Amino acid sequence: MYSPKVRRLVGEMPNRGRIDDATHVGQSENPICGDRVVLYLRFGRDRLEKASFQADGCTAALAAAAGLLELIVGRTALECARITTDQLLIHLEGLPRHKTHGAEVAVAALQEALTAATANPQENDPA
Amino acid sequence: MYSPKVRRLVGEMPNRGRIDDATHVGQSENPICGDRVVLYLRFGRDRLEKASFQADGCTAALAAAAGLLELIVGRTALECARITTDQLLIHLEGLPRHKTHGAEVAVAALQEALTAATANPQENDPA
Amino acid sequence: MNRRVYLDNNASTRVEPAAVEAMLPYFGQTYGNASSIHEQGQRARSGVENARRQAADLLGADSDEIVFTCGGTEADNAAIFGVAESFGRPGSHLITSKIEHPAVLRACEALEKRGHRVTYVDVDSDGVVRLEQIQESISDETALVSVMYVNNEIGSIQPVGEISEIARRQGVLFHTDAVQAAGKIPVDLQQEGVDLLSISAHKFHGPKGVGALFLRSGVETAPFMVGGSHERKRRAGTENVPGIVGMGKACELAAQHLEDFGTRIGALRDRLEQEVLERIPGTVLNGRGAKRAPHVSNISFPGLRGEALLVALDFRGVAVSTGAACSSGAVSASHVLTAMGLDDRVIDSAIRFSISRMTTEEDIEYVLEILPEVIGRMREMAIA
Amino acid sequence: MNRRVYLDNNASTRVEPAAVEAMLPYFGQTYGNASSIHEQGQRARSGVENARRQAADLLGADSDEIVFTCGGTEADNAAIFGVAESFGRPGSHLITSKIEHPAVLRACEALEKRGHRVTYVDVDSDGVVRLEQIQESISDETALVSVMYVNNEIGSIQPVGEISEIARRQGVLFHTDAVQAAGKIPVDLQQEGVDLLSISAHKFHGPKGVGALFLRSGVETAPFMVGGSHERKRRAGTENVPGIVGMGKACELAAQHLEDFGTRIGALRDRLEQEVLERIPGTVLNGRGAKRAPHVSNISFPGLRGEALLVALDFRGVAVSTGAACSSGAVSASHVLTAMGLDDRVIDSAIRFSISRMTTEEDIEYVLEILPEVIGRMREMAIA
């Protein structure tokens, strides 16, 4: 049902919680199943230096949020903005049929973080 | 379902066929299932010296006829006449629930042989 | 000592050692419920899905089209009740044949009691259904045609292709009980217009208590066993993981042996038949004129009674069966031989020899050696 | 390395090695069909009848009262459909509870579609049925009362004695799903006024795919699976001989361990519960006020989601289950916890720990060691 990658992500939950010095924060919610993901991003000069997440949702959403951070840390904002749900699904080694929306919520939170006004906009990153 | 004794009797069919010098012959039939048994008995001075059977019927009837002969050869006519269905069932190590009528047909054929006028009544045995 | 020769493979077969081997880890190690999300459960799930592919491959089907059941009877019941109950109208019409297995016949009778209508078509004297009767009775009130692939008593192969054509033209679903066909003759669902098909593992060296219903993609039926959402909501009940894994292995092996089955087993069967007919006068081969599956011979010895002959053969180490079912004591004449219109003396004295790929030439030789002797004795005992 | 701890024994259990041992000869040696007259068949028959006695002994029943099925689901379906269909009137009334297993609930729903009427009685907040509602709804139109013995999600023991009294006074048949009771708490059918009772082997270290329906002597129901005259015409389908033999052995062993189960397993469970409640603030023990079977603990961690917690625990080697069934992807809230009227946050975060006689003290220690840590992480991740 869940891939080894998903199991590990949910088991270890890397980068959970919030970071205080985030440059970008984004949140997304799936109104149907109630999955919610919040991403905290700290961009350095031109790369994402640090990121964390909080989530309230099913296994797929949790794993997607944690997996997405693995994918984007070290990338430029532009690269981050180009991450697709499909790329995330590949990184997660797949999600069960009816649970792919978990990846969508995570990617939507990323998009939101990159476009929305950030909590403490020290830098203006051309997303 | 069938006891080892029944299996052996049907497997070996001892004393099958007819004997020509029978002193007594008896036949019985179960009108419901069509089982038919014919017994041929040759009494000597005072004991049953030889016997054989023919049958057209189910396993139980065949085994009962063959088993009955094992029980009665060597006995006096009086002793033969006293053989009951229950004794035969014990000798057969039992018959399946719905098949005990096989033993009844065999015992009835014996009774018939002992009472009826015989084919070649050389001796008159006080049955 | 007696040799032991098992020629009752249509009743059940010896489980392949490789199938048992495949099952074993699922008792003591991978014992999780295949519906459980944890690793224990998911490893059980993999075993089940692997078996589903193996079963699908044997039939030329898609994995998604296979629903595991607890045997041929459940598969037949699920097909018949399932289609009848999901038919749009309250009282539907079904067409089946007079020589079906009781798992189909009793289900049809139960539906009759619930207000459905059933046509039982006749067979010819070789045990092959009369196509024209199907053609005549089918209508747009018909929910299902159910005719078996291979008859279990005499081995006659039914004209499944033609029947499916008739059903398809009328837009009616077609079910076939392939319990005696799968793993014995080629069954290719990609070719055939079959909508539902039943198989049972223990008839081809898999374990007892597991079978499958093929449900062609798009065919929706009311589930028979209801409860948890197992088998994609098509069959409730915790999956019998070891049984299913054993069935999968048996399917794989049956597919591998299929060609050999048709030739070597067919040759053994033919030799048995020819020699019996030659060596024992007065014997009758039932279903002689039909196209028959290679593993079944139904032979009558008029004047004798099948069951007593069975017991006598068993005493000599040879296991066979009679056409007659007398499980409850009262011997009732075979409904198959009766439907073929055979003489009572032929019906009462019928013996079914059924071979498997584990049957050897020596087995057949032994039977040919003792059979004339046993028959001879029984004839000596018979009332002239 | 991770220790592996299996605490999902209500989903399925490890098969006893002795049960596997008992089954083995029936695959490759005694492979005959138990309905066959020949010796091969009759030896299989002996295995089945021996198992029937073992199952009867576990329940304090008579051998004749045991009908083997392919599991708990079939036993439940057979009881519900069988009684409803053999009830004198076309549309009968059934009484069941809101916390039954889907094998009972879905069967009742299917009957509703066929024109029968069903009352689903409520439970209290501890998951125990409201007797007064049974009393109020029963009438002479009632064909059956079906209430489970032990609930599978929270372990609450239902007042089976009282219910059977109510049913008996009204002359109504009483069925109980004892799938989670048999082999875990004493069940003595000599004492209890139960007319039909379901059990399933894989819940007490027997194989999957085999169960039994107890049918009190004199109780006649329409058979569910129809076909051949197996199981004294009460259940068609070739008997799963190895499975039945394995179930028999599992019954024998369960009976031997019953006392130990109540004490040792109960103590392990109590320790788990107490420590979890103590070490992890904010946890809720569901069904706390009910008399419960000794092997089940249902604990909620409000604010978290059960399934994610399950996956996280599995990653650490601990297999548990959630109350929620999400087999088809959409997580649906547990109908049992919902019927108990619990808060959504309690329902969504429930985890079921279910113990067996193979669970050790070390297993429980390991869970107590890692659980606070795993819960801690999940709480760190939660949106405040």
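Couple of notes before you dig in:
Per-chain numbering from 1; labels A, B, C and D assigned in written order.
The rule is simple: contacts are C-beta pairs under 8 Å (C-beta built on N, C-alpha and C of every residue); 3 or more make two chains touch, one makes a residue touch a chain.
Values in this document were obtained by computation on a predicted structure and should not be read as measured data.
Farthest from chain A in terms of Cα centroid separation is B.
Separation between the centroids of chain A and chain D, computed from CA atoms only, is 41 Å. Note on chain placement: the centre of chain C and the centre of chain D lie 33 Å apart, centres being C-alpha means.
The distance from the centre of chain A to the centre of chain B, each centre being the mean of the chain's C-alpha atoms, comes to 92 Å. In chain B, the residues touching two or more other chains are 2, 7. Under the contact definition stated at the top, the residues of chain D that touch 2 or more other chains are 37, 39, 307, 311, 314, 328. Taken together, the chains touch in the following pairs: A-C, A-D, B-C, B-D, C-D. Listing the residues of chain C that touch chain B in their complex gives 305, 307-308, 311-312, 314-316, 326, 328-331, 377-378, 380-384.
Every residue of chain B that touches chain D in the complex is listed here, in rising order: 1-2, 7.
For chain C in complex with chain D, the residues that touch the partner chain are 6, 8, 11-15, 17, 19-20, 24, 27-28, 31-33, 35-41, 70-74, 76-77, 101-107, 109-110, 200, 202, 207-210, 222, 225-230, 232-233, 236-243, 307, 310-311, 314, 319-322, 325-328. Chain B makes touch with chain C in their complex at residues 2, 6-8, 10-13, 16-17, 33, 36, 38, 53-59, 62, 96-99.
Note for the complex: chain C touches chain A at residues 37, 39, 42, 45.
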